[in-house]
Amino acid sequence: MRIGVLTSGGDCPGLNAVIRSVVHRAVVDHGDEVIGFHDGWKGLLEADYRKLDLDAVAGILARGGTILGSSRVQPAHLRDGVERARGHVADLGLDAIIPIGGEGTLKAANLLAQAGLPIVGVPKTIDNDIASTDVTFGFDTAVGVATEALDRLKTTAESHQRVMVVEVMGRHTGWIALHSGMAAGAHAIVVPERPFDIDELTAIVGERFSAGKRFAIVVVAEGAKPKPGSMAFEERGKDIYGHERFAGIGNLLAVELENRLGKEARPVILGHVQRGGTPTAYDRVLATRFGWHAVEAAHRGEFGMLTALRGTDIVMVPLAEATSTLKTVPAERYDEAQTVL
Amino acid sequence: MRIGVLTSGGDCPGLNAVIRSVVHRAVVDHGDEVIGFHDGWKGLLEADYRKLDLDAVAGILARGGTILGSSRVQPAHLRDGVERARGHVADLGLDAIIPIGGEGTLKAANLLAQAGLPIVGVPKTIDNDIASTDVTFGFDTAVGVATEALDRLKTTAESHQRVMVVEVMGRHTGWIALHSGMAAGAHAIVVPERPFDIDELTAIVGERFSAGKRFAIVVVAEGAKPKPGSMAFEERGKDIYGHERFAGIGNLLAVELENRLGKEARPVILGHVQRGGTPTAYDRVLATRFGWHAVEAAHRGEFGMLTALRGTDIVMVPLAEATSTLKTVPAERYDEAQTVL
Amino acid sequence: MRIGVLTSGGDCPGLNAVIRSVVHRAVVDHGDEVIGFHDGWKGLLEADYRKLDLDAVAGILARGGTILGSSRVQPAHLRDGVERARGHVADLGLDAIIPIGGEGTLKAANLLAQAGLPIVGVPKTIDNDIASTDVTFGFDTAVGVATEALDRLKTTAESHQRVMVVEVMGRHTGWIALHSGMAAGAHAIVVPERPFDIDELTAIVGERFSAGKRFAIVVVAEGAKPKPGSMAFEERGKDIYGHERFAGIGNLLAVELENRLGKEARPVILGHVQRGGTPTAYDRVLATRFGWHAVEAAHRGEFGMLTALRGTDIVMVPLAEATSTLKTVPAERYDEAQTVL
Amino acid sequence: MRIGVLTSGGDCPGLNAVIRSVVHRAVVDHGDEVIGFHDGWKGLLEADYRKLDLDAVAGILARGGTILGSSRVQPAHLRDGVERARGHVADLGLDAIIPIGGEGTLKAANLLAQAGLPIVGVPKTIDNDIASTDVTFGFDTAVGVATEALDRLKTTAESHQRVMVVEVMGRHTGWIALHSGMAAGAHAIVVPERPFDIDELTAIVGERFSAGKRFAIVVVAEGAKPKPGSMAFEERGKDIYGHERFAGIGNLLAVELENRLGKEARPVILGHVQRGGTPTAYDRVLATRFGWHAVEAAHRGEFGMLTALRGTDIVMVPLAEATSTLKTVPAERYDEAQTVL
């Protein structure tokens, strides 16, 4: 069998672990050939690739990033994207393509699968918002990085009697905020799924100080928004260049809470450190299993499918199903995190 | 409601997170009273306890160990253990007891539950061998510590052309060995579930050197045993004091591999570092959820049950069921890890 | 002897280690009494303090922050600050006061020492800019945190062909930028000591891409400024609220480099994570030694002095000398870091 | 100029950082050529080497181990070692050789230097026992790894009311034991420089339990020995194979303390994890500076010298002086660590 693999979309710890696992399983156990396309779908569309043998993947298991590079190019971006892809797959004699990516990548994968290409997808997102799998690799690392930062910020907040407002990743869902906030014992967790009321949030934080505590930690997902009318978000949401770049929700909330509480509030925007660097053991194991099972699915001819974790098992799920909805934080999970004072 | 909580058995990162979560949920949301028994079942048998309010659990979420202490005493160790426990529960007016512990603790919990005491168990073991839950807290931390050590050992092994034999915890099951071995890309993983053939193991490691590689990493669970007749394990398995204390399987394997391969082999026995210290974010979240749901179960009157993770949900499982079998590494999981060269 | 200790100014990993060491050395070895003033000089000025015995400092060695709290209040802020301090020292029967703090704190300490109070200072700053000591505790931790973030950012920058502009602490000096930049192999390091020319900086970063590299890392100290005329810094230096809060140099440089290079550039502002959390072993040892030697100096009657590291020795230096100049990054140290491509 | 570089002796975090720094400084700033000998002096003696350009050292700054490999072979091991080395240096047209190594390596370097070869040494040892430099790279990483382990062990020791006996590296000197023990607040630190009295050690540990504490941490350097007559060390010092391999001082002390105190005592032998893996920021900076200054010394024609840290400066010291004595833990440094209870 000849297998092509590619990584597409935002960076995510564990990508290299999947690539390595695909190569190990395919080459060693099945005697397959594996090629890696450069910079995501772009590599497939331009037939830009290299051979991946065991040496090519030596030492990459614990490394962040992707040795194949990534881009946000999608086949649908080109008028003849699907045809081009089909042509290169035929020319290269590929029996399977394993794209590793997030929601956008998997939608593209589904498009190609429906056009008859032999696709086995591997889901990837630090945001953990892909519905068909219990967890995606990269999420545990992101939560770990955020939690470590929160652990550090607690002591400095306490020494200075401050509110720390920590903005973590999560444009559409609050999984990183929820888990890192629970793990670090944050006093308020603000997620996109629940537009916040600034009065209510001020009250929650204020109560801590009333109760004699010296500090408070607020974790906010970058995609969190105030309830309509709760806070003059829109007008304020622009930076000096006229766009929202640096005046994200974390910065705004810090200003707002400081003004309302009369306590020093400091924003910390964790940003890209959450998606780079060495993956946790959890993510390495999950990524390795995904790669292994993607190769197995290819050998069984199960195309148009996606690897997914269900409980402790890796199962295959239709691509179409996987990309239909976003996995948001359910009410009961959010409630579990509300007790902290 | 009045709830008693205790931690019993070996140390495990996340115990404090459960205690804190029980107190937060019970005291803040339900207005309950919580007491903590000292040193496990011993505290219950001797009515040795203290009140746990919010201040008592402040700042313990990220701390290893258990603020309540632990011991290996079980009610069944005393002729009148069950009666004593029953008496103290009545005297103290307890509506629920939440023991946090491993297999032995949960068996004791089941005994007391069958005797009519209002028990809600919380499973705990770094070994991950409790059958009724997908994962136990503490396991992720142990795997993380072992993986970090393996990452470090790889570079030193390579510089010196060595075999590193790393013994990790796991008396009866190989979960820590399997996951840390997969996460770190170990070249051989030896687990109790599969008695090893020393000739075969030597061949696997030897092949790496034949293929021109400069080092090999072998991960071995402390409970791993050679196939009968494969290695003179019994006679060698004693140390200078006549017991097996320091001549564990890691040390023995290193000697054996060095002699057979003619390559330097060094043992590293990770030992107790795997079960101490700050829990990972994953374990803190899981432990917090277990504590939260244990209180909920108590309030619903669901006694004789155990909190368990199934997929992404926390469910309640009968104590009897939970302790009937050990969760061992299944063949397919072991196979997934066999490809590494 | 009766000793008062206080922590003043910004947070710094290692403060608790000093406090603990003072208490251990004074109480155990000398049979002294130690009290700790709350929230820095404020505690001394208001006679707000508590007794510090061995139990009070148990378990704090590895903890970030300060158990005594801190503030930026200085005796000179009050008209009768010095007199008040003198009065409380007399009333409390103090034989020595050990203030732990940065430049401002040590200036205040010098003021009080010149007024005849028995002061032994301990220098503290993550910025490492105190002239009289080779290193201050807290610096190593800050550099470690920044380096770990840089390590993570490298892989994500490479995957996405990006420039990462990482702003680290250092208002007046570039020590953290220099050391973390060297440790992580940054491609450009921008420090306050050398106003940068934006054209030159653009050229350095641009050369990497011309040479076929996929990414670049720029480390910039928060206090870095462009050469006059080099970049429209002043006008841009204001955020939406009309102050410079969120439009720091890191954000501005990222915008500028992206516009000039036509490559994605992303800012990461590390902020307060650098000054919180558990100190590195290096900082714990240095802090412990400073505390130990401060007590010794007090017992020898060496007042008006400061503990300082010189090579491997702890020596005492006059407070006046210590606060006269800032230790800036010398040209030769900066040159050592310029080779990286 | 043509420069040869080699790494010899035991593994040490920071070796790759030196190699990279030598290449960067020499190639980029001086236009030199650099070759790297394989496996230490062996590579020089057998003219086994490869060219080191910028690509060859890309990405190695943060990696443990050495890309050049190492061995314990010394020129003096061969009858014609010096002549061989001289011959290869002439044949290869080398203007300078930069050996990076510990005491043995530097003695060999001195031998070759006295024979007229153009040697600039770089000291390396995790043990920190080289007299002419304040610190060696690798030491900070080793202390950091040991401290992290000790932090973890503390919580588990406390939960179980145990004595933990932690054996760290240090065959001849106790620097790692001293610094990690101070950093982690160990209750007894046992170093080779001071043969211990087992009765005294038992008393120190016992006092903690008498004072109501629940645990004790003992850090012991692998080279520590009991005072003659204090403990039956010799007879016990053999393992089941008749040599001392697994019955090191850590194991023996744990048995002894358990027997004498009637408290559970557990040994943890940290072993090779202390010398592998990614170096701390401190070690990376020091290693980078050493490499930079070694190249400068070569260009100034300062041969027969060694790079050394003195305060904050890198200076050059005669090789002969550097290897004449071992830097042991002085009494006053040991005393500083004795206060902990």
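Each chain carries a letter (A, B, C and D) given by its place in the written order, and its residues are counted from 1.
We adopt the following convention: a contact is a pair of C-beta atoms (placed from the backbone, for glycine too) under 8 Å apart; a residue touches a chain by one contact, two chains touch by 3 or more.
Keep in mind that this is a model prediction, so the values were computed, not measured.
S.K.: Which chain maximises the distance between its CA centroid and that of subunit C?
M.R.: Between subunit C and every other chain, the largest centroid distance is to B.
S.K.: Taking the mean of the CA coordinates per chain, how far is subunit B from subunit D in Å?
M.R.: So the centre of subunit B lies 34 Å away from the centre of subunit D.
S.K.: Between subunit A and subunit B, tell me the centre distance in angstrom, where each centre is the average of that chain's C-alpha atoms.
M.R.: Computed value for the inter-centroid distance: 29 Å.
S.K.: Per the centroid of Cα atoms for each chain, what is the distance between subunit B and subunit C, given in Å?
M.R.: 41
S.K.: Considering subunit D alone, which of its residues make contact with at least two other chains?
M.R.: 151, 278
S.K.: For this entry, which pairs of chains touch?
M.R.: Applying the touch rule to all chain pairs gives A-B, A-C, B-D, C-D.
S.K.: Where on subunit C does subunit A make contact in their complex?
M.R.: Of all residues in subunit C, those touching subunit A are 7, 10-11, 15, 63-66, 69-71, 145, 148-149, 151-161, 164, 214, 236, 238-241, 245-247, 251, 255, 266-269, 271-273, 275-278.
S.K.: Would you mind writing out the residues of subunit A in touch with subunit B in their complex?
M.R.: Contacts found on subunit A: 20-21, 24-25, 28-29, 54, 61-62, 134-135, 140, 143-144, 146-147, 151, 179-180, 182-185, 278, 280-282, 284-285, 288-289, 292, 310-312, 336, 339-341.
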